[in-house]
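After this come two complexes, each holding chain A, first together with chain B and then together with chain C.
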Partner chain A sequence: MAGAGGGGGVGGGPAPMGGSDLQWCFSQVKGAIDEDVAEADIISTVEFNYSGDLLATGDKGGRVVIFQKEQENKSRPHSRGEYNVYSTFQSHEPEFDYLKSLEIEEKINKIRWLPQQNAAHFLLSTNDKTIKLWKISERDKRAEGYNLKDEDGRLRDPFRITALRVPILKPMDLMVEASPRRIFANAHTYHINSISVNSDHETYLSADDLRVNLWHLEITDRSFNIVDIKPVNMEELTEVITAAEFHPHQCNVFVYSSSKGTIRLCDMRSSALCDRHSKFFEEPEDPSSRSFFSEIISSISDVKFSHSGRYMMTRDYLSVKVWDLNMETRPVETYQVHEYLRSKLCSLYENDCIFDKFECCWNGSDGALMTGSYNNFFRMFDRSTRRDVTLEASRESSKPRAILKPRKVCTGGKRRKDEISVDSLDFNKKILHTAWHPLQNIIAVAATNNLYIFQDKVN
Partner chain B sequence: MSAEIPEAASAEEQKEMEDKVTSPEKAEEAKLKARYPHLGQKPGGSDFLRKRLQKGQKYFDSGDYNMAKAKMKNKQLPTAAAPDKTEVTGDHIPTPQDLPQRKPSLVASKLAG
Partner chain C sequence: MFARGIKRKCFDGEEDIEGTLAGFKSVPSYNLQRQSLLDMSLVKLQLCHMLVEPNLCRSVLIANTVRQIQEEMTQDGTWQVINAQNTGQASLDRLVSSDILCRSTKEQGEGKLVPSYSSFSKDFEDIQSQDIISDLSTVASVQAPRNPQSNVWEMENPQENRGNFQKSLDQIFETLENKNPNSVEDLFSDVDNSYYDLDTVLTGMMSNTKMGHCDVLESFSSQTTTNSNSNCKSDINELDHIVEILVES
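For the complex of A and B:
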């Protein structure tokens, strides 16, 4: 494999690959500082759009906040790449299904942007049961001089109108409006964990614990079931679907991962119901090392195709793995995220942390990977140099353009001055959601109720 | 269910002792089994998964609710707030008012502040 890019990169933008060659600087932090975090404020998803100009977040309270990148401004060179609030709206609300005695949380599980086709922006947001297509549009002009209405909107008496005039468009303060254009409901018995827009820009998939459905963006009253792993007898249930994603270029291909650490690649051309996979990815396990925890920590919490479409990355509890789609027998690369937790699995099982679902992401050129950990640490891996770095999202290192200092966790006896011991890690400070700008070295890291934005050092 | 080696077998105990030295994961497993001796042999099995699939289950029974409504037609409705928010069962007839009210967030997100 040649070149520093580590695989076909995204064109345009001089983004050097490699998370560890770069120095990362603090850019912005969003959210409240107070110690008491309201459950509703916990960020549950972060996603850049295709150009990277928009950054969307969803939270447990069902709200979506969209930030927009400021245009580069010569008079304020240091405001390069600042993200400011563009729009915010309530996407989902709590519901109660009386028939099934089920409380339906309003928490936004995933947001996925649609590629931009006109002046408006579209995104899909989903909670456990319902997916919504939102249109975000700008209005910066207002018509004045209507014939049948007053300026304040009251209807004029038609008999009093003696002359006709043409309304004129006047500029107004920019207003960004979000409106729900489609509501895709009632297609999932279990909890939706993933949505993925197809490269055909017409369809998308939604996956819950046992099923994957295919939708057309224009049609809300019908959805096709393309994967169903529900056993006839629920007593025989051994694994669930944990994530699913469409291939970035091949509109007939998608993958789904399982709680048993396997990934299945399916081709929709082969049959309408893709219960039989086309490819099955699983790393062989050493049977002698099997323990009570083996299956739990092998459960894949996220799967992401590379931008090139040649590789995919999976995240399990302790590691990140890169798979070559042409090789099903084992991953081509494995990166340890926090191996020191292997000797803490008992407590992590007791406090449920072992079930935390971390996500992972690629940089624009597919040369680097990023994922979160505990204590507000997040990790970056450079695929070609194999170097890795641990950084922290904290208010302490939040001075403008302050360079982030690499952090280190000490596992052995002797702890150096700057190191932190495993037992001092705060397991309530989890970074589950991170996002990398598709073209530039800008990253967004969600730390509970705060959103941190970091950028590479400007030389 | 596959046949399991009885816990008391000394061969297994010895293997566990050996593994403790070589594998931190096995040491953690031994710790867990010591604390919870009744923990199932198949952790990834159907009990665990079914619990995951049933997330969000509340015990509201529409039959109970309608019976309660009929009984209380001539009396005042009971005040809200069940003693235990998570389980409304037993002597108390559950009504929708007893379930913790999930109101949508009226406050805007602090990220937008």
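For the complex of A and C:
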């Protein structure tokens, strides 16, 4: 993983991203082209592993698809390597809760990779209720010459065996197998929104609307409840947990965000039940912009620690904020994602778009941020130059190595030639999930059922 | 801007209400929008109950919005709502095409303010005659034809309505907890029958009882099926039987 501050991409130095320094090019797109999108194919989570060689996606149909980066090729100097399908498996199935008469969706809410410890890869995938640990392993050899069975597996008649032989390992076509190694179930009454692997590589947390649980990766029949914000009287419920994450280096520290726009940092050493936070991050409200929608748009949809562990980033409906863990009173940086939507909040409330949960991510050097928007737009912010850019994931700009052209939304008055007006935005095309390669300038953007991969222009 | 000052931002960027239209004409517009937001929110909360468990975060945010409106309306004394009996059904009766209202702020210029208000009353009458309203008001009696304008501007038993409103808000959360069978009935006794039908198909129950959606859930999670509706007797026996089986297992 990239270190703090300056450690950057393959090219060395911090990865610049704004303006003239860096240009993004189309690399690949995965997924069906037709207009008619099957609900099950909608991508619901995207995650690179620690080395960036593997890219996992989960969808509403409960499937996980893992792509692997091919080796960089000297004969193709313009490419950082393409991602090809490595493994596909059905992680979760739809279930029915008979007691409540309700369906449990198979949609994969989150995937988190475990750090690699041997030849196999491990990841955690979760739906609303159950977390599963999957082992993905390769098999490229097969044993031949068994004594007790034929080549096609049929048992040999023991009386016909006259001699013994030692089976020989022979190469075979690469086969990638995914097998569920642990199933962590029955610990969540409410819908799981986050999972996060601890830096100790032995434990992980899972968070639902009202509780956060701590698990040991080896133990499936027990979990520790470390945060519980459920009121005794459900009538008094006014706030829910929206996201949670472990600190990347301090294994006793985690944060969780709420629907009221607050973040609480907890230290597991202070008590078993971390209902009392160690730090409380909240930005005071701006009284001049108060409206009936203020609380809804302040609800945090994602929280991510920087790789350095010094900062954290939160995403609310209209902005992305960077917080210094040492300062609880206000964020150190605020970036507007789509401020032009502020005057449309009533309509967005009516069509439920105001409840869309956008995610956000850091680049490897913590110098840039990325998050999605509507109309298949996504935004990138350079923290040092304060430059930002809006790009679009669309089939039209999907020619190999085509440079993405910055897009602009016009908010009123005269619309310039390449601009798009706010009223023309397609609110059904939302980019909720994006991921940034931990070491290189490669990004993965999920646009409904398509996965776009973009790379920086390699000179 | 508005006579009430800058405490609340107006909806959807409407900032063009002329100073000359201050007083009577600008205040109704704000109240109207606030009321339609309240109606929209209540409908959203009720429509949560589908096959999949409702999104708790969304429900909490909507409920908080409703509380906020309620508080403000209580403070400025415009809290009258509607029918003392059944807030849920009443809010649907008063449902205005929220699309019109959300758009109306954009279209409102100085001259358009009055016409859009009259289109509100027209829509209201149109909606009253639509099937969906009649489906939804099977149980509670519909009040004698009311002048929509008088509903908005008159005070009608504010105390009682406020109490009922709070009660129904609480009921919504009780529902999510499946805790309190009695109160839930009131809230959902007039739920659109089509929801109920779907649910009975799924749970394999008889389809001509008047039980609300949540009553079905209640009967599975509590042993005592307290249903005051006398039409359900035979179904209650069957439910009891099912509950016994579930509880024993």
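Basically, the second predicted complex is superposed on the first by the 430 of 459 C-alpha atoms of A that agree within 3 Å, B and C clash if a C-alpha of one lies under 4 Å from a C-alpha of the other, contacts with A are read in each partner's own complex, and residues count from 1 in each chain.
Please note the rule applied: contacts are C-beta pairs under 8 Å (C-beta built on N, C-alpha and C of every residue); 3 or more make two chains touch, one makes a residue touch a chain.
The structure displayed is predicted, hence computed values, not measured ones.
Per the definitions stated earlier, placing chain B and chain C onto a shared chain A by superposition produces a clash between them.
In the superposition on chain A, contact of A:Lys344 is made with both chain B and chain C. Looking at the shared chain after the overlay, A:Thr242 reaches chain C, while chain B stays out of its contact range.
Of the two partner chains placed by superposition, chain B and chain C are both touched by A:Glu295.
Applying the stated contact rule after C-alpha superposition, one finds that A:Arg63 touches chain B and leaves chain C untouched. In the superposition on chain A, A:Glu392 contacts neither chain B nor chain C. Of the two partner chains placed around the shared chain by superposition, neither chain B nor chain C is touched by A:Asp53. For chain A, the partner that touches more of its residues is B, with chain B and chain C as the two candidates. In the superposed pair of complexes, A:Leu451 makes contact with chain B only, with no contact to chain C. Chain A residues 98-99, 101-105, 128, 190-191, 209-210, 234-235, 237-240, 259, 289, 291-293, 295-296, 342-346, 349-350 lie at the interface with chain B in one structure and with chain C in the other.
Residues 98-105, 128, 190-191, 209-210, 234-235, 237-240, 242, 259, 288-293, 295-296, 299, 342-347, 349-350, 352, 355 of chain A are the ones that touch chain C when the two sit in their complex. Residue ranges of chain C in contact with chain A, taken from their complex: 6-13, 33-34, 37, 40, 44, 51-53, 55-58, 60-61, 63-65, 68-69, 98-99, 102-103, 105, 169-170, 173-174, 176-179, 199, 202-203, 216-217, 220-221, 246.
The residues of chain A lying in touch with chain B in their complex are 30-32, 40-41, 43, 57, 59, 61-63, 65, 85, 88, 90, 93-96, 98-99, 101-106, 128, 190-191, 209-210, 234-240, 259-260, 289, 291-296, 342-346, 349-350, 449, 451.
For chain B in complex with chain A, the touching residues are 23-29, 31-33, 35, 39, 43-46, 49-50, 52-53, 55-62, 96, 99, 102-105, 107-113.
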